[in-house]
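Here is the structure we will look at, set down as structure tokens.
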Amino acid sequence: MIPLGLPEPTAPALTTQAPDLDYWLLSPLLVVFAVGVVGVLVEAFVDRRHRRLTQLVLALAGVGAAFVLTLLQVGSLPEQGAGVGVAFATVAVDRPTLFFQGTILVLAFISLLLIAENRDGESAFAAQAAAVPGSEEERAHVLAGSQHTEVYPLVMFAVLGMQLFPASNDFLTMFIALEVMSLPLYLLCGLARRRRLFSQEAAVKYFLLGAFSSAFFLFGIAMVYGYAGSVHFADVYAAVGAGGAGVIEDGEPLLLIGMALIGVGLLFKVGAVPFHNWKPDVYQGAPTPITALMASCTLVAAFGALLRVFYVAFGASVWEWRPMLWVVAILTMVLAAVIAVTQRDIKRLLAYSSVVHAGFVLTAVVAASADGLAGAMFYLAAYGFTTIGAFAVVTLVRAPEGGAEAGDLAQWAGLARTSPFLAGALGLFLLAFAGIPLTSGFIGKFAVFEAAVAAGATPLVVVGVLSSAVTAFFYVRIIVLMFFAEPAETAPRVLRPGGLTGTVIGVGIAATVLLGVFPGPVLDNLLPQPSAEAAVGTQPSGAGIVPEDMFVR
Amino acid sequence: MTIPWLTLAIALPAVGALVVALIPRERAELAKRVALACTLVVLAVVGAMALNFDPSGPRFQFTEVHPWIARFGVHYAVGVDGIALTLIGLSALLVPLVVLAAWKEQEDAEDRGKGYFALILVLEAMMIGVFAATDVFLFYVFFEAMLIPVYFMIGRYGRGGERRRASMKFLLYSLLGGLLMLVAVIGVYAYSAQAGNGTFLWADLVGAEGLLAGVDTTAARWLFLGFFVAFAIKAPMWPVHTWLPAAAGSSRPGTAVLLVGVLDKVGTYGMLRYCLELFPGAAAWFVWPVVVLSLVSIIYGAVVAIGQTDMLRLIAYTSVSHFGFITLGIFAMTSQGQSGAALYMVNHGFSTGALFLIAGFLITRNNGSAVIADYGGVQKVAPVLAGTFLVAGLSSLALPGLSPFVSEFLVFVGTFTVLPVPAVVATVGVVLAALYILWMYQRMMTGPVREKLAGMADLSGREVWAVAPLIAVIILFGVYPQPLLDVINPAVEQTMQQIDVSDPAPVLGVDQAGGQEGAGE
Amino acid sequence: MTPTTETAAAVSARALDLAAEPGLEAFGSDPWWIVLIKAVGIFVFLMVCVLMMIMADRKVMGRMQQRHGPNRFGPWGLLQSLADGVKLSLKEDLIPRTVDKVVYIAAPMVAAIPAFIAFSVIPVGPEVSMFGVQTRLQLTDLPVAVLLVLATASIGIYGIVLAGWSSRSPYPLLGGLRASAQVISYEIAMGLSFVAVFIYSGTLSTSGIVEAQQPVWFAVILFPSFVIYLITMVGETNRLPFDLAEGEGEIVGGFMTEYSSMKFTMFFLAEYVNMVTVAALSVTLFLGGYHAPPPVTTFWPDAGEGWMGAVWWLGKFLLVMFLFIWLRGSLPRIRYDQLMALGWKVLIPIQLVWITAVATIRVLRNEQYPPYVTAVVIGVFFVLIVAALWAWGRSAERARAESDAELEAERRAMRDNPMHGGFPVPPMTAPHYGSSVAAEEPRFQPASAHEREEVSGA
Amino acid sequence: MDPMNYIVLAAVLFTIGAVGVLVRRNAIIVFMCVELMLNACNLAFVAFARMHGGIEGQVIAFFVMVVAAAEVVVGLAIIMQIFRTRRSASVDDASLLKN
Amino acid sequence: MELYTPIFVLGGIGAAFVVLSMVVGALAGPKRYNRTKLQAYECGIDPTPQPVGGGRFTIKYYLTAMLFIVFDIEVIFLVPWAVHLDALGMFGLVAMVLFLANVSIAYAYEWRRGGLEWD
């Protein structure tokens, strides 16, 4: 008989010694959080006219400061070991964490510029989200020039979640981070100024599916907790190595179910097939700057978390999760590439392309090696810059009437005639997506495929290569459309890139080319290096013993 | 301090391309001049380099090695042997001629051809780079990146309504091949890393002591195939040649010259340099399939060429046939065969280049039509044009005294000693070559002058300057190929050494039949 | 997956060890018949209380309004409510045709049953001897006893909401919604007012809290919490002045409109039982439970021992119950927006500040900071409160001035133009039936469709 | 009672929730099914915490409640918005984005 | 289980009483059919048509529900903290003050932007 009365545990361990939070190591997170909170206060107390500027300055300064702090922490990591665990080791500050956080912050900074773009008092966000689309109320708000400056604090909270997601060192923190990241994004998705019905629909879909997937994630955590008796990654690792925590006999199925369900949750965030259905809808419906934020930062964060979970917590059971990821990676690369070919809307197409890219990164995850980690990290950073640039271009091309974005590809025909610079930029980004040498996409692709081949996953790489040929087809088709086709009957209205959007595109181009031509500094200095003995000793088929020294344990 | 000739030759056109691209659209004339000047300077640099080349020296000369991406053992490593040098020379020679020939072609384009010339320069940089690279990764980078300028040259500046489809076909074919090669390239790296030192340096990889020596047979065959498919698509070899006629037919003749004259050589060059030397065992295993494919290419290309109604497509198909000879020579694995193949690459560049250029002149004179039936009696109104066309055509069918003859002969000789039956079959191609070239000449140049062509002008001074060097070279090397052979032969010798193959012992005193019987037993 | 029996047993044993909560040893060991006696006793007590309360309600109200109240049935009219109950049970039980039957019938049960349960954790007296068994005058106690009270109160709300919803009629729906919105609003303030008590008692068990109130009642040291609890208590039970859910004047009978006979009685019963429960809880949490009040204990140390404790408890309890009637008799019903504003804008912020203050002072004392630190902290809180009050007063003043100015402007406009503000006279442009005069063109063109298209995002 | 029964119950509840999400069409009900799934997780956590004899699982349950609450707030806001626009909360009606 | 048994006993008694009296009420009362009696009460006028599900009500109630959830969660955190405040000491105090400050910020936002106005 289990008594229903829950026990009050005897005094928790906290009492004996005052817990020590290393505020310095947590400072990037704290800064972003503080800015978000201050942003809420600004919403409450600052006059309507000054809000946008205040919020923008705050947000940019906050993200910038957080980035600087992140950089400074690289220096303050201990020489020995990968890094340190902070706040009862619930947050891991190690090199992968800092790289992911730094990448997220930079990408978020660029996205913020895109979010802040404000032409003729018209941003990408609804004047009043609560007003029913098409109603008199909305009209009144539009004419009055209302703006949702809540966007900035929401973005800051989302960024906070993204920073914490790859850094979390136990499942509870990771779950919280997941939600902190997702909840603001659900809202942001529904705030588009044009095509508000699409936008609201995207928000509902994203929300329902996101909540669904996070429930799976959570149940997976519960199972793993049952198996291991702890949600801390290091304990889970130890428990997996030891065959369970000993309380439940023959608990192997718990672990397997848990692993699979956690995988579902993470793969959903990543957008891998068969959990990708939300991506095209959400990317299409969301305001484009938010799409850019999601396509870059969220992907980075989600993969960061995925890598940490599978490399650290489940590092001792590589052989169990590997086949699952193999299948997922193959499905992702092949199906998404094939479906993408039929798309007619640029944002949907980019969404499917993002799914395919997730598949490519998964091949590196499958490698389960230092090279795999580094390859995935590089790929994500490179892809992030490129994709933000691409979405920035999308924001500039508008339908001839009404001011909505020209989603239909047919309207993009002959864009190179009227705006060669824009078309050229998008062309470059598309070539980078396709993985043409001398762009960052190629180096990224090389890095992930190299890791996979070295780990004996050559068939996966062959599939990847074939699907990347398929993807090249639709990228090239867009280029053909823009450069070689006659302009469409109803030519789109191409906005002059304002200072902010122009900067975003410029940074995208610069990063795409620089990372393509001189990837050395990033690859050699910022990413984890395979240790010496691993480089020599590993047989291609023997990979899959996750190296121990990359993450904090 | 030694002069970094190769880097110079790569960087100059790249910088030139940037300059041309930055010149405003209104001053397109200036842009063209800058482009021409740039190509001429490159030609001078390459020429100077060629003069400094020592045929009896080490195999690779003018080498430079700088680390590029340390993590993957990637180097910026360049250097040339005889084969590469001749091909670089070919590129450097053809590009200014193309620029000259294309001077007025893009007048109607929106940017008045400025972009076209910039692309040509970019392409030149990459062509030189791809031949000069001695790092597999670097080679691959140039190999793939080269596609983009050509893609735009066909798709944006091409001719005819099919050019979008053609450019896309070209790009996708090449990309598919390139991606398969990427797997093989990664495989090479993985095996080298396994052997203790992850690197892409060609010199470290090849040979009996090289890092790839330990690759097991099956893996080596797969890797070979990865490279070979990419090169076969590029070369273009039957059955993956279908992009070429479309691409050549839809491109401006200048583009076609570079495409067929130089770009496709990358395929055969890659077979010789990478397929054979990195995986000699696998190459030996694949000899027969490749030879069969070569023979099919030779015959098929020739037969289909006969049936063409469009002269650009016809020339493209002849190239399919000629590339069959080159691959045949390469995979004969004899020194004559490979020398012949190497020489053929250069000579084919000259002859096909000349053919395309003159075809281009014809097309501009006839409202952009490349249909053979639209011509007739040209030699009466434009004798110089017709004459040069004839010379180029004859060189294409390997008339003795013109340069391709020497190479074709060497290929035959080299093949016959080891693979007599294929050699005999291949001769059919020669006969067919005579047929398609002469028949085309007959249809276009002889007979009554067509009305539309009555007022046709003969070659202008600029055009003469564009073609004359080629004709001169064709005749020069037809009569006296020794300088080229002197440069090529040592490289071939070393290649043969690397792949551990030697020519069959001369069968003096034994009659052919006996030898054959001996071989047959 | 299934653990062997040994493992399960071991786990259970360890769990049992954990369950051994210090302070709760006295409970859970009663023989079954004692439990039964106590339970029946509580039930009877509740029923009697309800009957008496209804009667007292009417009697006291009558006295307050200079009249007699019921005085016919039984001595001094004491049996009046019993008679009412019998009458109600003999009335026709109507079920309107449109209602959702299952929910409609279940709703009164959902409202009434939890009301009984909550009382089980109320300590009425200390340990006494009952038929030779030493037992406490409390049905049971839990480590989470106070939460149980809150939980049952929340479940009771479902009864109200479901009643409103299932009636399929506008008034009940509105009444149900209002009731639930009101109750959840006040529940927060109520929960917050408990927090200060928990800080001082260090436990959630009711007997523990009562014990912790020796020698001083929490009503004294946590006076603001006590006051707020009293307010929320009234709000929670939907009593005047907060009985908006059944405001007869505006929404007929609120959620009970469609109910009759015993079902109606059940809601009534639930309301009064809830009153009893929250009153008893206030005695438990703030008024020292069954302990005798401090001055008494100085000369009579055993005043709260044994059955005497129950007497003290009953006295306090009746006092609180009287407060209910007193409030009802003296305060008018407030508006709904005032009700919500009071809950959200006054009670909650006060509670937040108050809890922070209590916790800070408590920790400072525990950690043995010198008294002047505490004094400074108190000073800071004081200043903050004064500043907040000042700011609030100013903003209220400004708002009042603004609205006054608006009103004044409106008045002036009215004076200048009697038609101002759209006084309901037919506009001149309206079509005049039977008149030959054509309607004028409307003076204001509605926005053209095109323009609308442009600004709307649809 | 065998604590494993709680786990089984949690799994059953979770499955009911998951099936509900997949089968039901009303956004609000779908959403409630998600909440059911979260609560099933809570049950599992608490049961496992009891089995392991620690409090970690219970603490997690607390956090899950918070997250569930936050999700409710965000979700209700989003669903109400589309409901006001469309006068329908059926997920099938939300099909503008289908392709 | 022992601690909880008495609760069930009391609940059982209460439930028995409630059910019994409702049954008695239903049986004891007279049954005189009258069409009007079975209609919903609406000032003598026919009920406004109600869509299935009880109709729609103002968004205000949803807002209140959301607010309640947020603050109820706050209370959930406060309760265990309050019980163990003595053990948690200064750390607990600071942590909770930070938490309350954050909640208060949200609260202030809500107030300032009119979320607490009922009209």
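Here are some notes:
As written, the chains take the letters A, B, C, D and E, and residue 1 is the first residue of each chain.
Throughout what follows, a residue touches a chain if its C-beta (ideal position, glycine included) is under 8 Å from a C-beta of that chain, and two chains touch if they have at least 3 such contacts.
What you see is a predicted model; the values in this text were computed from it and never measured.
Chains that touch both chain A and chain B are absent from this assembly. The chains other than chain C, grouped by which ones touch each other, come out as one piece. Annotation: C-E is the more contact-rich of the chain pairs C-E and D-E, by number of C-beta pairs in contact. Taking the mean of C-alpha positions as each chain's centre, the chain lying farthest from the centre of chain D is B.
Chain centres here are Cα averages; for chain C and chain D they lie 29 Å apart. Centroids of chain B and chain C (each the mean of its C-alpha atoms) stand 91 Å apart. Computed from the mean C-alpha positions, the centre of chain A lies at a distance of 24 Å from the centre of chain D.
Between the CA-based centres of chain B and chain D the separation comes to 65 Å, rounded to the whole angstrom.
Taken residue by residue, chain E touches two or more other chains at 2-4, 65, 72, 84, 89-90, 92, 111, whereas all remaining positions touch fewer. Those residues of chain A in touch with two or more other chains are numbered 1-3, 5-6, 9, 12, 133, 196-197, 247-248. Multi-chain contact residues of chain B (touching two or more other chains) are absent. Residue ranges on chain E touching chain D, taken from their complex, read 59, 62, 65-66, 69-70, 72-73, 76-77, 80.
Those residues of chain A whose C-beta lies close enough to touch chain E in the complex are 1, 3-5, 11-12, 14-15, 18-19, 37, 40-41, 43-45. Every residue of chain C that touches chain E in the complex is listed here, in rising order: 24, 27-30, 35-36, 38-40, 42-43, 88-99, 105, 108-109, 112-117, 119-121, 139-142, 147-148, 165, 167-171, 173-174, 177, 181, 184-185, 187-188, 191-192, 194-196, 198-199, 202-204, 252, 257-258, 261-263, 265-266, 336-337, 340-341, 344-345, 348-349, 352, 355-356, 359-360, 362-363, 366-367.
If you check the complex, the residues on chain D that touch chain E are 62, 65-66, 69-70, 72-73, 76-77, 80, 84.
Put simply, chain A touches chain D in their complex at residues 1-2, 6, 9, 12, 129-130, 132-133, 172, 175-176, 179, 183, 186-187, 190, 196-198, 200-205, 207-208, 211-212, 215-216, 218-219, 221-223, 225-226, 229-231, 245, 247-248, 280-281, 284-285, 343, 345, 348.
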